[in-house]
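Below, subunit A partners subunit B and then partners subunit C, in two separate complexes.
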Partner chain A sequence: MNKIISFPHLGNYSVPISFLLRELTKYEVRESPPITKKTLEIGSKYAPDTVCVPFKYNLGNFIETLDNGSDILIQAGGGCRYGYYSEVQEKILRDLGYNFEFINLIDSDKMKIREVYRTFKKMNKHLNFFKFSYYMLLTIQMIRYMDKLDEIIRHRIGFSLNIKDFTNNKSKMLDEFSKVNSFYSLTRKYFKYKKIFKNIKIIKPNNCIKIGIIGELYTAMEPFSSYFLEMELAKNNIEIKRFTNLTYLLFQKRRQTKKMLGKIKDYCTYTLGADGMDNVYRCKYLIDNKYDGIIHTKPFGCTPEVGAIPIIEKICSDNCMPIIFFSFDSQTSEVGIKTRLEAFYDMLNVKKG
Partner chain B sequence: MDKITIGIPRALLYYKYKDLWINFFEKLGCNVIVSPCSTKETLENGKKYLNDEACLSIKIYMGHVDYLKDKCDYVLVPRYVSLVKHEKLCTNFSCLYDLVRNKIDVPIINYNIDIDKKEDEFYAFTGMGLALGFKYAKVVKAYKDAKKDEKISSDKRLLKQKSILGSSKNIKILVAGHPYNMYDNLIGKPIIEFLKKNNIEVIYADIYDKKYLKSEVERITKRNYWTFNKELIGSISHHKKRMDGIILLTVFPCGPDSLSNEMIIRNVLDVPIIQLVIDELDSEAGIITRLESFIDILNERRQVHE
Partner chain C sequence: MEYFLGVDIGSISTKGVIIDSNLNIIANSYLWTKGNPVDSIKRLLNDLKKQVSDDIKIVGVGTTGSARKLIGAMLKASVVKNEITAHAVGTSTLYPDVRTILEIGGQDSKIILLKDGIVTDYNMNTLCAAGTGSFLSSQAKRLDVLVEDFGKIALTSKNPAKIAARCTVFAESDLVHKAQMGYKKEDIIAGLCYSVCNNYLSNVAKGKKIEEPIIFQGGVSKNIGVQKAFKDIIGKDIIVDKFGHLMGAYGVSILALKSKERREFTFSVTDDDFETKGITCNKCGNNCEIVLVKQNNKLIDAWGNRCENGQVKI
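Coming up: the complex of A and B.
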């Protein structure tokens, strides 16, 4: 019987991840069921109380996918508490009586390509290093293209005549991306959809409201965990700038740290842990580029962000920049978020005149 | 020239490095002020500088810095990232310096320890001494002497605890929490006093011989990378056979503890464990009730065994 491999959700990135797993392992890849309220409920039932929300989502994903018949689970590591998720989750699931294999892709903070290769080699004996690196690079390129297209969408979606033009095309795009088999076809698809997204008709006023979204990575990248915040903003004719995406986390972050520290040396002498310092820099960037407001999202109790928030507050109040903080928990009510967002949006409108 | 006055907040890493810090500055010829034990007022003062989701320990820390702000020339606010290679500390320790600098208007003397980036303790302390304007040779000598004194006093504490472990026939409870929580006047003190009042020998988890740390930690967890939590886990696995019960003392919402304690509770099954989460809403009665019933359980258990 063929084994089934599965992994927790992270926004749209399940497409490249399942693409990679499908090409590199001989197992069947089955995405965990889409995140719903139920996922979070199951997750918070078995997770420790004060742990941050991504843990609960991931655990809920795992339980749902195990009930669905998966045998192998994959979790990544790195970052702040993320690195220790895997062991605790594995223990909780074993205590619940599930039988499965658990694979941790990234061990320490730095991604070591040879260790990842060794992990995949264990799963598939016929894998060679050439094939491994080819599909790895193809996946990375796919993630890059996805992030670039997402940026275009974020700039334009708020002003479209019909939001469905964008969302439908995006799901078509993801579908086609998952079927590519070479760099050539991937690049062609990328340019095809770039053209499509750029040609969708929009009415964009010159002085539209521009908002930057900063904050913790999971709530930024998984729309469900922020209760579709970006969608909500798009409905209100707002241009959105979001910094966190996988391209940034995997490749750009390490290169830019020194540059970012130099730009904000009045506020930060050192890095603050995880994305803390990055977020202070982003505030500075948004202020310099004359954005109208900032939204900061994080799961409840995210230690690096909680440490960075007083500094973010200071840089914003020094420069008269409106900022709103959202803290998402398993108990957060959607209506409360909407109300606060509306008030923020109204305030920006009045300020803009 | 007047003597330089250094203020040391009695919170967080003070409880771990107090001997080193005080001796180092006194050997250099500085005056040292340590802020008084934390009170409700300290917490209230600290709270106003931080987001309300910040953990209780760091709120108390800010309160102590606030107390010191016009009483000394410099306040010592070190930054710690990692103490052992490939391990980390809670991110609160790495943002502490910038947090204090941005929020409280006070001159800071600072050093940075990040083993992964090859900034070790000797380098950090000499750098700090030079920044205060002392000669290099004097700084090095002060650091070495302070280090010796630190060793002596930690040995003394170890001996004292060992004698309690060997001699006492009372019920023994291991209090496992970070030193800055266990010894703090607001967080750990009331609990420890209550235990002592009930004729219980309190064993502190931070005092033990760390020689076999690695193998002891691996009995409970393999991937944990927080140095302080690893020390706690090692202590639990080192002591558990001789203990009647274990109290996991943590504050709300401690990041590393939330996962690491879950792992301890799920893996250490042969000793009764209670987890006490202290928050700023003061509900001593609730905690005392839980402790009382925990002690009753331990008493019953002992009688059955005998």
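Coming up: the complex of A and C.
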């Protein structure tokens, strides 16, 4: 019987991750069921109560996908508490009595390509380094294209005549991306959808409200965890700028650290762990580029962001920049978020006149 | 002349005003919600109706407060706004130079900072109900005094007890402790007023610069004990308007006036039969709670669904 491999969700990135696993392993790839409130409930039930909320989502994803018949789970590490996720989650799942193989793609802080290759080689004896590199690069390119198209969407979706013009085309795009087989076909699809997204009719005033979203990576990239914050903003004719995406985390972050620290040396001398310092820099960027407001999101108890917040508050008060902080948890009340958010763009609207 | 109705429906109390197009309040009402927003809105409308002549024409309705959506659907409101914006608009209309609004209501408390009539910053309590009206009224019940007399009794205290204010549960156990130790009732009550202020200032107003003129409003602002405590702790003068509790309703009626929409409103709505029902959508794991509002057995509005599976056709 063929084994089934699965992984936790992160926004739309399940498309490239599925693609990579399908091409490189001989297993059947089965995505975890889409995140719902139930996912979070299951995750919260078995996770430590005070752990940050992405852990609970991931754990919920794992349990749902195991119940759905998966045999192999994939997790990756990161620069904060996220680095311990895989060990703790594996232990919790084993204690619950599940039988599975657990693969941690990134063991240390940095991704070492040869180690990843070795991990994949273990899963598929017939894999050679050429094939591995080819599909790795193709997946990376797919992620880059997705992020580029997302950026176009974020600029325009708030002003569309019908929001579905964008959302429907985006699901079509993801579907077509998952079926590509070469750089040529991927690039063609990219240009096709770039054209589509750029040609959807919008009515965008010159002085529209522009908001930058900063904060922790999971709440930035997984819309469910932020109660579809970006969609909510889009419905209110707002242009959105978001920095965090996989392209940034995997490739740009490391190269830019020094440059960012240089730009904010009045406020911040060292990095703050995970994306803490990056967010301080982004604040400065948004102020310099005359954005109207900033929204900062984080899971409740996110240590790097807790460290960054006082610095961000200082920058914003020095520059009269409106900012609002959201802390998401399994207990967050959705109405409370909507009330605060509505008041926020009312405030920006009146300010803008 | 055109008239506008503004309704602020909170967890504890329901407030309503009718204004004319010169922004004068010509009728106002304040009563308890008693956990039944539909019924309380009918009582409110009946009360307002008595105060105005029959021939005035109301052409716009605005709603705010935690049941704003439900009441907005009932009254076919042209504006449904959050409390923060409504309070800011209402207060800055009466006091154009206001810089700080302190607001403590039944279950929420907020601070709004303004400059030149424009909101620059705000905050709202998130986790804890300590330091709100419902906390005070539950403690009043425990001490067997009327919450309306709370302020008067507090002012008689010469030595307010120190009560831990970090959290409702701790405050309550500390209060019991102080009572068992033998503190006088008025000292405990005065201590509670101080603890409400301390809690507010360290949670809601944390890191916010409180500048004059300061206006204190919301139901708790009627409590002279809390008024005095705020003055003592902040050390600045605090204005309490006689219409302070109506500011949300007033603000949202102004927003209804400013919106371009005009829709005639009649008090006959009070004769209609409204039914609300919450159902759980079982089409996916989200299990959205969908609210249905029926007017005379006809479905008029529904909300609460996250995806199209739960869309209710009207």
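Before moving on, here are some points about what is shown:
The rule is simple: the second predicted complex is superposed on the first by the 353 of 353 C-alpha atoms of A that agree within 3 Å, B and C clash if a C-alpha of one lies under 4 Å from a C-alpha of the other, contacts with A are read in each partner's own complex, and residues count from 1 in each chain.
Everything below uses one rule, namely that a contact is a pair of C-beta atoms (placed from the backbone, for glycine too) under 8 Å apart; a residue touches a chain by one contact, two chains touch by 3 or more.
Model, not experiment: these values are computed from the prediction.
Of the two partner chains, neither subunit B nor subunit C is touched by A:Ala234. Touch criterion not met for A:Leu20: it reaches neither subunit B nor subunit C. By the touch criterion defined above, A:Ile153 lies against neither subunit B nor subunit C after alignment on the C-alpha atoms of chain A.
Applying the stated contact rule after C-alpha superposition, one finds that A:Met347 touches subunit C and leaves subunit B untouched.
Contacts of A:Pro322 after superposition on the shared chain: subunit C is touched, whereas subunit B is not. Touched residues of subunit A, counted separately for subunit B and subunit C, are more numerous for B.
In the superposition on chain A, A:Thr269 makes contact with subunit B only, not with subunit C. When the two structures are aligned on the shared chain, A:Gly336 is found in touch with subunit C, with no touch to subunit B.
Shared contact residues on subunit A (touching subunit B in one structure, subunit C in the other): 313, 327. Residue ranges on subunit A touching subunit C, taken from their complex, read 33-34, 36-39, 228, 313, 320, 322, 327, 335-336, 338-340, 342-343, 346-347, 350-351. Note for the complex: subunit A touches subunit B at residues 48-52, 55, 80-81, 83-88, 91-92, 95, 104, 107-108, 267-274, 276, 300-304, 306-311, 313-314, 325, 327. Within the complex formed with subunit A, the residues of subunit B that make contact are 49-51, 53-55, 58, 79, 81, 86, 90-92, 94-99, 101-103, 112, 221-226, 252-263, 266-267, 277. By the touch rule above, subunit C contacts subunit A in their complex via residues 66, 81-85, 118-122, 124, 126, 207, 284-287, 306.
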